[in-house]
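In what follows, subunit A forms one complex with subunit B and a second complex with subunit C.
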Partner chain A sequence: MDMPGIFKRLIGTKPSEWAYVVSRVRVMSRKLIPAEEYNKMLNMELDEVIRFLEESEYKKEIDELGFKYQGLTLIDYALSLNLSRAYSKLIRISKGTPRDLISAYLRRYDIWNIMNIVRGKMFNFPSEEIEATLIYAGEYDEEFCKSLMLKETIEEIAKTFEGTPFYPALEKIVRVCPMSEFEDDLYKIYYNGLAGIKAETLDMKYFIDFIKMEVDIKNIKTILRLKADGASAEEIMTKIIPRGLQISEDEARKLAALEWDELIKSLEGYWFWEGIKDSVEGASLSKIEAMLDRLWAKKVLSKSHSFPLSVLPVMAFILLKKLEIDNLRIIARGKAAGLDVENIKEQLVII
Partner chain B sequence: MAEVKPTRMELIKLRRRIKLSKRGHALLKMKRDGLIVEFRDILEQAKEAIGGMVEKYNKAQEKLALAMAVEGVVGIKSIALSCATEPEFSIKKKNIMGVVVPVVKREKVRKMVQERNYGVIGTTARIDEVVSAYEELVDSVLEVAEIETTLKRLLEEIDKTKRRVNALEYRVIPEMENAARYIAFRLEEMDRENIVRLKKIKAKMETK
Partner chain C sequence: MPVDGMVAIGAGLAVGLAGIGAGLGEQGIGAAAVGAMAEDPDFFGRGLLMTVIPETIVIFGLVISFLLMFI
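Showing the complex of A and B:
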């Protein structure tokens, strides 16, 4: 449960340790929906899309949840369940260091679950509603999350986490800090833990660089979002994750102090600039975010091809699986909401 | 007319009341016209506000559909858990031509991203867009509620004033004028009777 503990054991990982996991992941990656299928799906009616999903990898989850949900809600929950199962499988098929590393990365879903349980408890939402938001893809399983939901108060929930890296954030929320600060703190703890490992072997360096690049993407999104909303540099800095690859705290401080136009200009030279430079002018923030996501996924995929016996193919699969789930949901919900094909296509991240 | 005492004093009183009623009638008529003008102005505002609200609702629905598609129902539900605070507002009063109408003093529901109850790192700009759209919609609903209540109060007042004007114009003043005419007629009649009586007494005295 203790992240630094896990990382101590990671030092000295050999590429051969990844061979089994990577070969299993390759098989799993082959089952991902290919890019050209999305174009076909875009031209289908909603019923056809649902039928397509019922005949695909998602059949099992759709059949399983069919008695409880229907229509788009069923698709939503089936996709979430499939995602958590795919990630759990990754943990199941790996052992030793790769398992610890994958588990540590997937702890973002633990954060997601903790956040939703605390939110639900804080605003007195019924357990069923809280449960509907949980994704069991991290270390904490359904049983543990249900036991958290049974706790009467936030203090009791916080106590359960004593001795874990998440405890300081939970202890803070007990002392009535804003919910937003608590959530951001959890993510900071998560990324700090992952990016703070000393890279003593090459494959560890790949992993840390991967995390740091993800931190860069998160930080630039935060800066752009808050800047567009008129936040001050100090306010932006409270939401910055330290230890980015190029956007460190100092860099972030410099960027946060700039006006919007200067900020966009000064992004030249960052590793992500090439991918967004042509369309960043006048684009909405959500579109810039989608561009960054697309660029990030492409980058990870190309890196995974360059370093096949490392953590990167697994990270690429984790990312691509999430993108597939998102894409399928966008198509299904977009069709149901009557959005036109072009609009739906704009939101898709197809690699 | 049986209950009306045909006395000069009563006639004077009635004439005074008729004069007062006519003045009141003119004032109420002016108030009614003023209220109608005010009502029309607010009606225009209401049309604009309702139009804006419908537009904002459609925009918010569109954004929600897009956010549901991209973030999933799970993501949106999760954010909704943190946006459970209710808008705060107080009701004050404003006087329009003697009509007390409510003024909703509302705290702006629209918040900055960093002031919201959810974290920035774990969410996306699409969430911000849909939350902003709904915050604007709630602001707009409160504005429409304020204008609609004002309109309802004004309409009630116009109706009341209209009834008063009509009652004065078609019932109270004509009745009082009839009564005054009756008293005047009765007084003249009494005068004439008196003259006749005096003439008869004078004739009797002359024949004696």
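Showing the complex of A and C:
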């Protein structure tokens, strides 16, 4: 028997579905590495960093992989494994609308996996090495990805995706398009899908706005990076993801045509200017990128407190977890490469 | 007699509606409490306390129904 509308609305979905996921996520967020710990880690040697991780939430992964790998490789693989476990847990503990939204957001890891498998197959990497780079956090699980790795050719892999949104990009790579174009196509499909979700409530509107802001950040990073490398405006435009919040394709074309100094000046007026205005002059590209990431993360975090029963706190956790993994990776790689503390610290995104 | 019947219905409504209201209130709190406990069992005490807070409304309903029926 169908419940009357009012009861369906009261009992049906939102509060309890989101309350369960969000409260678990809040507890998980408390277990993230606090900002002050990074300062301690910056003064440690690589072995000490591994020991530190062994006494934290990464213990299980370090123990599991410790007999197989060591040093930087161990940290790399353990961090990837931990990230995939944390993200797949989010999908496992949610249902209904939360699950759909979280899965849609985490599909970026499906793209990541497809890219790595195709790249690995193209350059004949052994399956073991490809597997170590995969993060099973999206819709495609370990079994599916392993079945892809068993395929002999990229044509066969592409055929598996027939009927999915990714097929056009895969079909194109079979016709020998450059790898970078293939990766751009996949990301365009992903962001297009997310930005196209219909926003019925205010929290959903913010969610989609944040996705569009992420697209802006990606686009501005692409423009800055390629400009620094001296790429032409046409080259830059092939890599621009449409549907940004402020950087539409036309805006991007305008920015891509400018010289470096004019480009930096013309960033004034965009929403991300407030995050970089104080130190953009003369700052290194990696520092500007870190500042942009920090600003976006701060915006997501502050809104997540305003909408506690929505996808925003989950999005904030996904983001914080990724930043933590990235920070740990930067510290480990920096230590292994013998970089000085200040240099490493500049690249960290600590909220 | 008809008045007695109406009083009994009123008493029933007082408990019943209060129960439905408490249930609706508890669904979110209960789900959040179970979620927090699943991650960290230390939340059991606080979670339980928060979950039963809306139950007080049912006690008010029960008191009203007693007043209606017996006073």
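What we mean here is this: the second predicted complex is superposed on the first by the 333 of 351 C-alpha atoms of A that agree within 3 Å, B and C clash if a C-alpha of one lies under 4 Å from a C-alpha of the other, contacts with A are read in each partner's own complex, and residues count from 1 in each chain.
In this section, contacts are C-beta pairs under 8 Å (C-beta built on N, C-alpha and C of every residue); 3 or more make two chains touch, one makes a residue touch a chain.
Computed from a prediction, not measured in an experiment: that's the story for all the values here.
**Q** For A:S180 in the superposed arrangement: first (subunit B), second (subunit C), both or neither?
**A** A:S180 contacts subunit B only, not subunit C.
**Q** Taking the superposition on A as described, I'd like to know which of subunit B and subunit C A:S127 touches: first, second, both or neither.
**A** Neither partner.
**Q** Check whether A:L309 is in contact with subunit B, with subunit C, with both or with neither, and answer first, second, both or neither.
**A** A:L309 sits against subunit C, while subunit B stays out of touch.
**Q** According to the stated criteria, A:S147 is in contact with first (subunit B), second (subunit C), both, or neither; which is it?
**A** Neither partner.
**Q** Figure out whether A:A19 sits in contact with subunit B (first) or subunit C (second), or with both, or with neither.
**A** second
**Q** Counting only touches as set out at the top, which of subunit B and subunit C does A:E235 meet: first, second, both, neither?
**A** A:E235: touches subunit B, not subunit C.
**Q** Which partner chains sit in contact with A:M28 here, subunit B, subunit C, both or neither? Use first/second/both/neither.
**A** So A:M28 only meets subunit C here.
**Q** Name the chain, either subunit B or subunit C, that contacts more residues of subunit A.
**A** The partner making contact with more of subunit A's residues is B.
**Q** Across the complex, what residues on subunit C touch subunit A?
**A** Those in contact with subunit A are residues 24, 27-36, 38-40, 43.
**Q** Help me check something: in the complex, which residues belonging to subunit B touch subunit A?
**A** 62, 65-66, 68-70, 72-74, 77-78, 81-82, 84, 112-114, 116-122, 124-126, 128-129
**Q** Could you list, by residue number, the parts of subunit A that touch subunit B in their complex?
**A** Residue list for subunit A touching subunit B: 72-73, 76-77, 79-80, 111-112, 115-116, 119-120, 123, 125, 129-130, 132-133, 135, 178-184, 186-188, 218, 221-222, 224-226, 229-231, 235, 238-239, 241, 284-286, 288-289, 325-326, 329-330, 332-334, 336-337, 339, 343-344, 347.
**Q** Touching residues of subunit A toward subunit C in the complex: what are they?
**A** 10-11, 15-17, 19-24, 26-28, 93, 309
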